[in-house]
Structures are given as C-alpha cells and as structure tokens.
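The two complexes that follow have subunit A in common; it is paired with subunit B in the first and with subunit C in the second.
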Partner chain A sequence: MNRPRRITLLQATAVLISTVIGVGVLALPRFTAQSMDTGAPLLTLLGLGVGFLGLILLTLLGMRFPQQTILEYSEAILGKFLGRLGTLILVLFFALLTALIAREFGQVVVASVLRKTPLEVTVLVMLLLAAIPSRNGIDVFAYIHQFYLPFILAPALVIVALSLKNADPLFLQPILGNQPAGMFPGMLTVAALFQGSFVHTLIIPSMRRPQKAWVAALWGLGISGALYVVIAMATLSVFGPELTKQFFWPTLELAKATSLPGAVLERLDAPFLILWVMAVFTTLLSSYYVTAYGMSRLFNLQDHRLFSWFILPFVFVLAMLPGNIHVLYDSIQWVGRAGLVPTILYPLLLLLVAALRGKRGASGGQQTTGQSS
Partner chain B sequence: MSIFQRWFGKVKKRKQSNSSPYYIPSKELERRDIHLSGDLKKTIEQILNMIGENDDLVIRRFHVFGDYPAILIYFSNIIKQTSINEDILKPTMYKPFHLQGEKIRKDQLRDVLYNDTLFHADAKIENSFNKMLNAVLRGESAIIIDGIKEALVIDTRNVEARSVTDPETERVVRGPREGFIELLKTNIALLRYRLPSPDFRVKKMEVGRVTKATLAVCYIKGIANPALVDEVIRRLQKIDQDNIYETGQIEQYIQDHHLTVFPQAQSTERPDKTASALMEGRVALIIDGSPMVLIVPAVFSQFYQTVDDYTERFTSGSFFRMIRLVALIFSLIFPSLYVAVISFNPELIPTEFAVAAAGARAGVPFPAVVEVLFIEIAMEVLREATIRMPSIVGGALSIVGVLIIGEAAVNAGFASPITVVAIALTTIGSFATPAYNAALALRIVRFPLLILSGIFGLYGVMIGLILITNHLLSLKSFGEPYLSPLIPGNWEGMKDAIIRAPYWLHTKRPQDLYPLNPDRVGDQVQEKLNESPHNPLSPRQSEQSVSKSKKGKEDDR
Partner chain C sequence: MHPSGVKTIKWFCVLLLIAPWLTGCWDRTELEERGIILGLGIDTVPPEAAKHEDQITETNRKDGFPPPGEEMIKVTAQIAVPGRVPLGPGQGGGSQGGGGQKSVWVIQVMGHTLDDAIQNLQQQVSQELYLGHFRVVIVSEQLEKRGLKKTLDLLMRDPEIRKSSYLLVSRSSADKALTVAPPLERVPTLYLTDMMEQAVWMGKFPQSFIGNFFTAYAAKGREGYLPYIQPKGGKKQEFHIEIDGIALFVEDKMVGKTEPLEIASYLEIMGVEQAGNSITVPIPEGKGHVRFTAFSRETKKWVEMKKGRPHLKVSIYVETEIDEKSNLLQHVDSTQVIKRIDKEIEERLEQVSLQLVKKTQKKGSDIFGFGERVRAKEPVYWNRHIRTNRKWRQVYRTLPVDIQVKHITRRTGMRER
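Up next is the complex of A and B:
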C-alpha cells in the first residue's frame, strides 16, 4: 500500500498529545484520589509508566514494519485468521472506547452547561463532530490535531496556574498515599486513559521518517503525562483528597474555584468546559478514526470513508447503553482495564512472535512525497 | 457605416445552401476546415454566406498596385479606421518607390506585399478560411487577392477602453494608484512594466466556445514550480463552456473543492499585488474583458493581507494585519457569542452589565437569537442594496437604513439597543477583510453559527467553530494546505502569516509553493545592514566638517 509520507515529527507528537488529553482529565483526580488519596500524583505517574510501556511496544513494532499499521502486520506475524481476530477485537474495543468518551462528555455537558438538553443530543453531536472529519485522509487528520494542540494545552495550564492561589502543599503529603492496596488497580485505571495513544500505529506508516517514531512517542506521552500529573497535583492541593473523591469531575470544580484577575469573566468553568470540547473532539476523532480504519482493514477495503458513517449508529447505541452515570463510570473503569489486553499485551505478543519468527517489514526510507519540487 | 460601402456597393446575397432549416455558421466552421480557394468571387460568396447578414461587415474592393483585383474585409466598428486607410489601403494601392516601373508577377505578389509594402507590424499570412474568418470576427482585417490562395490578415483591432484608474475594490493608502482595466494588452503592459525580467512568461490561450476570450497565464520561470504551471494549464484546458468572460467563472472550474463557501483563488485588480504574487511563485490568470485577475493557488492568509502591510514599516504592517485578523474572527463569532452569553450563560459577564443587557431586552418579545437574526438579515439586505442601487440615491438609502435599523427598530421594540450595537460592530468588522470573496464566505458562515448558538449556547458556538476549522483544515488549493503556513507548520512562512517580518529577516519565498528559487534576498543582506553607518549629519562631526570647510575657505583667501 502506498501511503504519502508527509507527517512530520511535530505532527506525530501533536497527534499523541491531543489524543491522550481528553475527557479523562476531568475525572482523573477522582479516580486517583479514590485509589491512593494523597498519592494521586504518584499514581498518575505510575499509570503513565504502564501506558508508556504499551506505546513503546507499539512504536517498536511500527519501526519494525514501517510500511504498515498493526492492523496489517498482525496478519503477517500471526497468520491470516489470528491476525483478523486481533483486528476484530481491536475494532470492537475502539468502538466501545469511542462510545464511552462521547457518552462521558455528553454527560458532563448535560450536567454543567445544557441542563435541559437530552443526553442523546449531546452525545450524538459529539459523535457527528468526530464522524465528519474522519472522512479525510491521514494528513488532514494530523493537521487537525496540530491545529488544536495549543488550544488544548493552554486552558488546562491557565486553570492550573490560577488555582495555585488556593493551593495547600500539605494536601499532597504523604506522597506515597495511605492506601497501598489501591495502587495496582488504580495504576491500570490511569494507564487506560493513555489508550488513545494507540493511534500512533496509524501515524507511523505515513511519517516522513518512521525511524523517528520513538521520539514522537517519548515527547507525546511525556507532555500529556506531565499535564495529567500537574492537574492531579493542582486539584489535590486545592481540594484535598477527601473533597476530591466527592466530586464527579474535580478538574471542572477546579475551574469553578478559580477566577481570572480583572473580573472580565465572572466564572471560568463554562468557558473551560467549552474550550475542552476541542480536547474531547480530538480524542474522539482519533478513536473514531481507528475504528473506521480498522473496519476497512477487516473488510479489506482501501477506503475507510464508507465506514465513517456506517459505524455511527452502532457507536451511538453503545454509548447509550449504560443506564446512568454510576453505571457509566463502572463500565469506563472496566472497559479501560480490559482494554489493556488489546493495547498492551497484544502488541507484546506480536513483538515476541515477530522476533521469534524473524519477521520484518520492508523499510520505509526517506522516500520523497508526491510533491514535485 | 463606412463611406466605402456606399461607394462600391455591398453585395448582399443570402443563400440557403445547407440542408438544415437553420444554417449556423459556427457549426459549419466546426464541421470542416475550408481552405481559401483563390477564386475571389467564390470567397466573397462564402463570406457573405457566413456573416453577410451583418450590416457592420465591410467588403471593400480595390486593386493591388492598380492591377490585381482584391478585397479588404473587416467589421467597421472594432477597427481603427486610420490604420486601415494609412497602413493598409494606401501602401497596397500604390507600388512602393523602389519597385516603380518593375512588373510584379502574381506569384510574387504575396511576398512583395508582406515584405515590401505593408506598414503594419502585426500581419500574418493565412491559408485557412476558418482562421481568416475568426480573425476578422475579432477585429482584424483580411486582404484577399484574386488568384492567390492565401489571405493577409492584419491586426487592426481597436476597442474603446476606460483609462487606468485607482482600483475601486482594493484601496491602499501607500502604494501605486493603478488598477487593471478590461483590455488584456493594457493589463499585460501594466505587469511587464513592473517585471522587466527575461523570466516573466505570458502564455495565451482561448477559453469559451463562443466567447473565445483570450486568457493569459502569467508566471515567472525559475520561481514558479513548473508542475504547478502545468497543472494550471491542464485544468484550464478542461474548461468547455460557451460563455466565459470573467475570471470568476474560470475560478469555479479550476478550484479543488467545489462544495465550499471558501474561495481557493485570489482575485485582484492591482498590478502591484499581482506582480508580487508572481514573485512568490504563484500563477496569475488574466482574461481579456475583465479587470479582475485570478491568482492561484490561494490560501487563507492571503485574504487578510494588504499592500499596505508591505509598504509601511514592519511594525505598523504587523499590527494592522493583526487588527484585521481580529476583526475577521470577531465578525465571524461575535453575534453568536452575544446570543450564547445573553440567553444561556448570563452569569459569565459582570453582573452590572448582565443586568443592563437584560433591562434593555425587557421589552423585546423575541428570544435573543431571533432578534439577532432579524437585525443581521436587515444588515445584509442593506449592504446588498447599497451595492446594487444607483450611487445617486446612495446617501438617501443609507440615512433611511440607519434610521430604520438604528432608531425605529429599537423604539418599536423589535430589538434592544445592545443588539444593534453588537451587530453594527460586527458588520463594520466584516468590512475590514480586504478580500471581498473571503469576506462573503465568512458572512455566510456566520448564520449557521448563529443558529447553532441559539440552540446549544456556547457549546453550539464551539461545535460550529470546530466544524468550520476542520473544514478549513481539509481544504487545499492546488495541493497547498489552506491554512498554511500555520498548518502544517512552516517557520519561514510564519514570518508573513500573522505578522509581517522585516524584509531582511524574511529571506525566503513561501515554501508551500515549492519555488525553484527559494531565496528572496541576497546572502549578505544581514551583514550589510549591520555595517556601522556613516552619520554625516551627527552634530559634532558636522561642526567639524563645517569648521573644516570654513578653514578651507579662509585658506583660499
């Protein structure tokens, strides 16, 4: 398959950052505080480590097969049937992930800005928002992520900076937390938030220099992970572990608790949430894209555009399955942990088998793109 | 009507030779290629058959050098009469001095006419009847001599043109006051005058099956990417419509995306702007009959740049470019932001203002979105009417418009004063976008955004903005991403995107165009700039020099 090699290192990094930073940030401090109370930042760091492991495996595979995505080389490694099976599981998982992201954010919007709007509408709007641009090629996909990156990082950092006024470092101690038992499940939950980085496998074959994919992985997960840790620290230091556990979306509460100097805007949570639509959109776009692309691979089609509309009703139904917000968060935790199997163990398996069988893809050198210059 | 017509009598004879009930000359010409027969009588018959019904057709019979019967054909209204008289008829009727007394044979006649007698530079010899006729239709004149199977076609075209004036649609404060006009030759002259370079290329082609307008493809060889030029020409050749007379029509054939409101080509009537676009490696298309020149490829950043950005200092250039960008974004989102905040999130704005806004809206029976939509549509109607109406009544209408919109609507309880202020600001802001076609696109996009904000509030505004941005990101003009140089990041291009970097820093041409010669300035421009200057007028030095010169004078004494 001939892909244009146009995506730069910066774009690949931007895709990772804006994919990983999403709706999960809103609930992250609660998850971590529930698992390890004051050890939340440490737990985020540990979770980042686990998530990073998965991405590194994926990147190693990608650099081994620089012409293909995991959906293609899995067949070369495991054989046609098992490879297809793996692809099917990945597609199902990403459809579920897309549904849960859309549902979670729909729930946030209904709870905090549009109280009278039916949940179905906000969820469908988010899904449509992802479905429309997912019809574009991979280069436009990368452009979209690159464009939104500053608008995703800036509001989060501003909120953190403004909240420092109310921060109390005592809330961060002891750093190790008081519930060592919650560490392992908590770690998996946080690691699940980094699952979106799986989209890296779609980017590598279109990168200008696939050999540099690991640099993008390092920076991408490093920056997004650092933002996660900073947000966990800021929330915890403002509210303390007990209050953080009580909020559904502590990050949103953090925005509510801060105010801009100069009294231009009276409240910051609504603007923050509105700006956060961009972060959620990019995350949703990535998982939606992976789903649509995976479907096209499953049916051996060259073009994924057909599926970008086709999968929409299924994802929507999946999104509406959880009955209420408590069931929703239970399923998010459950799906997230279960998802570590296809996103971390599956690449590990592929890498081991590929190493044992000595499989290696054709190297994608620095071939020039279609641009005649 | 010319006097010659009366003199010699115009043969008017209609002949229905074709089997079709309606004999259409253009179809006949398309069907077969007729050669000139050399038989004068037959040729005249053919011509009359095709275009004889026109009363402005002149067929002038005369004798070349007093011996050979010939005709001169032209359309009387698009030729230059003095040129016909002085440059064509006079030299062909009289034998030239150096050939006096010599006998010229019929087979020499063509060469003698062409080489020795005609006083006209733009003459050619045609043997095809079709080409000869097409040339005559364009305003050229043809001489056909009995017994010679070729015609002499001489360019005597003369079309009235207005003078070169200040371009109406793109005013600048500092810069040339010249704009393109309708005549292609004048427009090319205006460009050649700015680009006296051997690399400047003008390629002519014909577009439009009936209008057959001459289209000039201009570029600079060695800067413009040859692949781009080839692609432009390839797309132009695919145009097959009978009436093409404006570059706007061409734009709609050669653009990449048809289902979008955003323009992917820049149209301008400024020669200086066109010349600098050519120098960036773009391609300009000029059509005969229109003062609007098309520049391709065009990306979004070109639509808020003006000539003033480049002629003023880089500080003011950058600042006012940013102001224009702010006005552009402001005019796009301000009405919907206003609706969203007033009707969904009044707690966002300071309490005093929220109370004031609510108080002003107390008497208005509609929701904010309906009110804003009403005023917006009224504004658009007013704007459209101001363009279309005769300029004499312009003042009257604007007074009525201002009164109705500004005062009466508020008094009648249709709208609140704050809404009127908001929409007025928006409308003014939308006029700050220098490119008219881009401003139109943004005006259209404002309405769906407004409706979204009426339904979903701030969330809807954000959804709408994301949709618009994604759409912009997916657009390409001849492969150049529409938001470049911002996306995909290009550091050199960024120096001319949002700010306008000083020339000595902005050393490269836009790289998205893959120009053959990327360097804009010389290698040592920075060093030369940093050389310590001589200051002949700094106070101490000048005192010294003045005293020196005094001393010199005294010494002289």
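Up next is the complex of A and C:
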C-alpha cells in the first residue's frame, strides 16, 4: 500500500527521543545503582548499546523494505503463518508494555502528588489520553511528538544543571563500580528502557526519505541515551550510590532536592512532575499506537482506529494486575528483559532470513508485493 | 424518533460525559483545613510518662497492635495559625504585642515514634496536619545519643517533606529551643532556618540540610553530622540560640560534638570556598595579637597508598584579612612581619585541624568522607579490605592523616600599619 511520505527527518528523530524518554527516567538511577553502584552511568551506556543494536537491526530492515513496517514484511520474509505469529507476540508484548507504563505512571502519581486520587482514575485518564490521539494517522502522531519534544528535554536538563552545585564527583568513582554485582542483568534492564524505539518501524514507511532512517535512529537514541546517562550521573553524584538505591524514584528526589537559585522555588519536584507527565504521555502514545496498529495488521484491516478503543479495557485490566509497587517493578523488569526477544532477536532473525532468501522490498513510490491492498 | 429528540439525547450524553470531569480534584484541600506544621521538636520522656499515652495507634493487648516497645518520645509541634503568619515585609509591623497574636500554635504530644506522635496529635487537632512546609526538626541531645532511627525513616519516606529542611541537635530540651522567638522574626521556626541559612552564607557553617545528612548517613565511607545548637540567655522569655558546634554521628547515634571553632577547621578540611571565621594569633617576636578573618579557601585532599595502607593527605590554602590588632605600637607593616605571622598561623591551623581529625578518629566518625575518597580512588584496596561502613569505621581510627596549611594575608583593612 502507498503511504503518504510526509514525515521529515527531524520528526522521525523527535518521535524516537520523546518515545524513549518516559517513565523509566525516574527509576533508572535506582536499578543501575543497585546493579553496579558507582558504575551506574557506565551501565546506562552499556544498556544504550544493547538498545541501539536492536534499533539498528530494525532500521536496516526498514531500509530494506522502505514501503512496509515490520508487521508486514515479516510475512514476506518468514511466510504467512510465522509472520503472523511474530506480529501476535509483538502486539501482546506492546500491550503489556503499555499497561506497565500506565501503571508505573499511576503509581508515581499516587505515591507522590495525588495521594487520595484512586490509582484506577489516574491510570484510566492516562490511557484515555493516549487512546484518543492514537486514532490519528502517523503524520499527526509525529507532529504530536515533535511538539512535546522541547517540554521533555528542557526540564530534565535544567534540573541536572541546577543539581550540579550539590554534586560530589567522588560518588561517580570508580567508574566500574566497587561491587558490580549484576552487570549483565542490569544491562538488559537498561536496554529494556529503549524498547519504545521500536516505533521507528512504523515511521520509516512514511518518511520522506526512508534511506535516511539510520540518521534519525542515530540521533534519536543518541540524544535520549545521553539524557539518561546525564540523569544517572547527576542523581548519583548528588545522593551517592547507597542512598540512590534506597529511593524508589531517585530522579524525583533529585528534583525535590534541587532549588531554583534565589529561593524562587525551593523544590522542583512539582514542575518536574508536570512536565514528566508529557514525557509519559508521548511514551504511552507510542506503545499504544504500536499495539493498536499491530492489532489492525493481525486482523488484516486497513484502519487501526477501531482498535484504539477496543484494546483500552484489556490494557487497563493488565495495568491493574500488579498488587503493589514491588510486584509492579518485578514485572517491569521481567517483561522488559523478555521483551528484548521480540524487539532485538526477532529483527535479527528477520534480517538474517531476508538476507539468506534475498528478499528485498520495493523502493521509491512503487507498489510492494505481498499482502494488504 | 423525532429528529430533535435524537438531538436532545445526544446533548444529554455529552453532558453525562462531561459531568465526571467537573467534580474537581480528589486531593483538593482548602488552606484553612490544613494544619501546616512549621517545626517539630523531639525530646525524651521519662519512662513513667508512657502510661499516660493515648491509645491512638496501638492497643494494650499483646495480640492486638502492641506499642513498638521503644522508649517514648515527646514531640512539640508548631502549627501555623492561618492569617497570622506574615507573608511579606509589608505585614511585619502590625502587632508587636506578641501575647495575643501568636503566629503559631505550639502543642505537645507523646508517642513511640515520630509518626505515632503525629497521629496522636492529629487526634487532638481539627485540621489535617500537613508536613509539606515544615522547615526545622530539633532533636534533643539526649535522644540523639539513643539513636535517630525512629525519626529518620518518616523524614525519608514521606513524600511531602522537603529535603532542604533542617535537623538540629539541641543541648537542652528541644521544645524550649523550638520556641525561640526573637523580635527579628515573627515566626519562630523561620528565625531558626534564617539563622542556619545566614551562617552558611557567611561561611560560618557547612550546608547541612536533612538531605545532606541522609547522603552521608547512607554512604559507606562517610558519617553524618548535624548542627549543634544551644539555648542562651537566662529568663524564660528572652532566651535565644547559639550555633555551638557540629554534632558527630556514627550511623544514627550522636557520639560527640566539636567546639565552635572546630567548625572552621571542618570547613577548611572540606574546602568550602565561602569562609568567614576569625582567629587570633600572637605576633611572633612581638607584643600583642592580630585577629584575622578568612574570606576564601581552597583545599586539596588525596589518598596515598604506603605499604598497602592509605595515608590521608590534606592541603589547605586560606586567604585572610586583618581584622584587628591589639597593640597599636606594634607595627604589622612589612613583608617580613606578615610572613612570620603567616608561618605562625599555618602551624597553629595545622595543629587545630589535626586535633579535629583526631577527635573524629577517636569517635570513629568520619564526617569528612575520607572513606568515600578511598573507595573512589583506591577501589582495589577498598574492595579487598573495607567494603562496609563498620569496617571503615575501624580502619579510620588508625589511619595516619597529614595536614598542610598555606596561609596568605591578602588584605589589611584601612590601616597601613
């Protein structure tokens, strides 16, 4: 099928950045410090490397099949049945991911600001917020991301810059960590934070120049990854590894401990949370969009709008399953690590098989072979 | 159905959809309904007082919710009275009388833990108690020596509490220290925070928010410290507060305190750039004394490994200004004299600083964070020999420390000699 090619390189990059930066920002310093104490920034960098691997595979595939998304060319590569199976797994995974993002958001809000508001309400409102714009086409989707990008990057950078005055560089040394207990699992957990970048596959077929998709991937993950590393460094250098391990959301504590000069605002957690809602929204929108779009591919339908509403109750119920915050974070960790199979290994498999079978999608404005009229 | 009927139903549905969004916020709290706690004072109570505690959060029966079995504490809370707390300088002049127009309500309760006490307090107060604006917790020295555990957890866990509040150790009872209300400021706790902030700004005290204490408390190679205050003045109404040193901690227990001048040594070793302490030195080979006030300092710290043992090295650089000279006839006007004085100060500063380090070593309380430096710079040694807080405390007691001071007299005021 022919898609309008209207998404610019900047938009594609913006989608990646604002998708990747999301709920994970708050807890990242905690679990990196838990697995590698002072080596947390390095661990973040390693995790970024793993996440980047997945995105590169996806981008290579996308450039090979510039007309289609992974949900479509997988059938061309693996055959109808296996391709559909892969799509099903991806859809299930992204539904779960969406649910966990919404739930983590709700958990933070209930614990820190709106303590009397029922968790269900916060989660449902957030899911509704994602469901409504996900009914739009990919152009509007990209515009939304582009619009919110500055609101996502700026506050994090401001807080990091302001927190520097309380920073102690000793807390960042040795850069390998004193007792790097769980470097490998920690790396996978960090890599899981970059899973949202999977949305790139939906963007490529609508890009003006899909052959430039790798530039967007490079910049998108580069900028968001750099932000993650900087946040890990700032939090660690202010609180030290031991205290960072004790907070559920060290980044939020960092905002709380940071004040605007001149005592204008003595704690920045409130403004930070407000802007963080935007970051969560864009992340949630992306994974919601992938889920809804995946559903439409699964049932071979042109339009994904129907599923925007259809998946809402399922995602909501999934989000409500974890009993408390510890169960929640355990599931986030396990779902995140397991999710590396569909988001990294699956594209790898596809790329290998495509190369072996010599499959290649049509380029330019030509009609592609295969399914979907 | 009639087309307008359909329209009506449509509109009705829209209204139904809108309604839930207009009911407002779950967490709405009116200002008047909030009991804003500005400060807390925590004291020990004699054991017999436990019998008088209200059974708000626990039962007497063992199979119910028995009290945690810890010693009781007495909590003094200062609650802001709505409308009386001055919001700016414009309202300041209003009432000097004090008596009838108190800006805060002071109320005391007992409890086993801080939260227990606050819940007990809630039972006696109509408004919902709110901790988001509280600025100062004063804990009496006696209680600090028993350990702060029961206080710290709530302060770390509660999302509303700011990490930039102050935790102070008071020599006498905390409830007394909390109510210090000089005419300079109408809200007592705000006076206390101002006092701390000014001291930090003038370079007379290290920054010591609750958050700083938590960081040091959690770190493996470092111990926390808190400001130590002492009420001054005799009569009940007119006493005020003096910053009297640094309270040394081992984990959550206070183990000692420094002398007031040792705060300066601490700042020097920590390399806090803002300096504001004064010292007096006898003029070598002369008569009388010269007083100096420091205005800038810089410190380098490093660890040297000698025979598999870390040696702690500190190099301090202080710049000062002459404040006062006690003997008008004695001239301090030549490079030689000033050099001699510099030398004299350097030796004395080295002595005083070393004394402070020795003191903390004796208590096993590494408030300087030397251990963090060893952990960061000599990870091999740390991972093999130290690893834990407890081990570092033992090792810290025996480590050699070397302090070097370089002093430079930069300014002499308006007098030439």
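In this text, the second predicted complex is superposed on the first by the 361 of 373 C-alpha atoms of A that agree within 3 Å, B and C clash if a C-alpha of one lies under 4 Å from a C-alpha of the other, contacts with A are read in each partner's own complex, and residues count from 1 in each chain.
FYI, contacts are C-beta pairs under 8 Å (C-beta built on N, C-alpha and C of every residue); 3 or more make two chains touch, one makes a residue touch a chain.
Model, not experiment: these values are computed from the prediction.
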Going by the contact rule set out at the top, does A:270 touch subunit B (first), subunit C (second), both, or neither? first
After lining up the shared chain so the two structures overlap, which partner does A:117 touch, if you call subunit B first and subunit C second: first, second, both or neither? both
Which partner chains sit in contact with A:281 here, subunit B, subunit C, both or neither? Use first/second/both/neither. first
For A:70, using the defined touch cut-off, is the partner it touches subunit B, subunit C, both, or neither? Pick first, second, both or neither. neither
Contact-wise, after the overlay, does A:102 reach subunit B, subunit C, both or neither (first, second, both, neither)? neither
Between subunit B and subunit C, whom does A:129 touch in the aligned arrangement: first, second, both, or neither? first
Give one of first, second, both or neither to describe whether A:144 is in contact with subunit B, with subunit C, with both, or with none. first
With the two complexes superposed on chain A, say which partner A:227 touches: subunit B (first), subunit C (second), both, or neither. neither
Subunit B versus subunit C as contact partner of A:328, first or second or both or neither: neither
Counting contacts the way the document defines them, which residues of subunit A are shared by the two interfaces, the one with subunit B and the one with subunit C? 113-114, 117, 266-267
For subunit C, which residues are in contact with subunit A within the complex? 25-27, 156, 159, 162-164, 209, 211, 214-215, 217-220, 369, 372-373, 375-377, 379, 382-383, 387
Touching subunit A in the complex: which residues of subunit B? 225, 227, 344-345, 347-351, 456-459, 461-463, 466-467, 469-470, 473-474, 479, 481, 483, 486-489, 514
In the complex formed with subunit C, which residues of subunit A make contact? 38, 111-118, 121, 168, 170-174, 176, 178-179, 238-240, 242-243, 246, 253, 256-257, 259, 266-267
Hey, which residues of subunit A end up touching subunit B in the complex? 6, 8, 10-11, 109, 113-114, 117, 122, 125, 129, 132-133, 136, 140, 142-144, 146-148, 263-267, 270-271, 274-275, 277-278, 281, 371-373
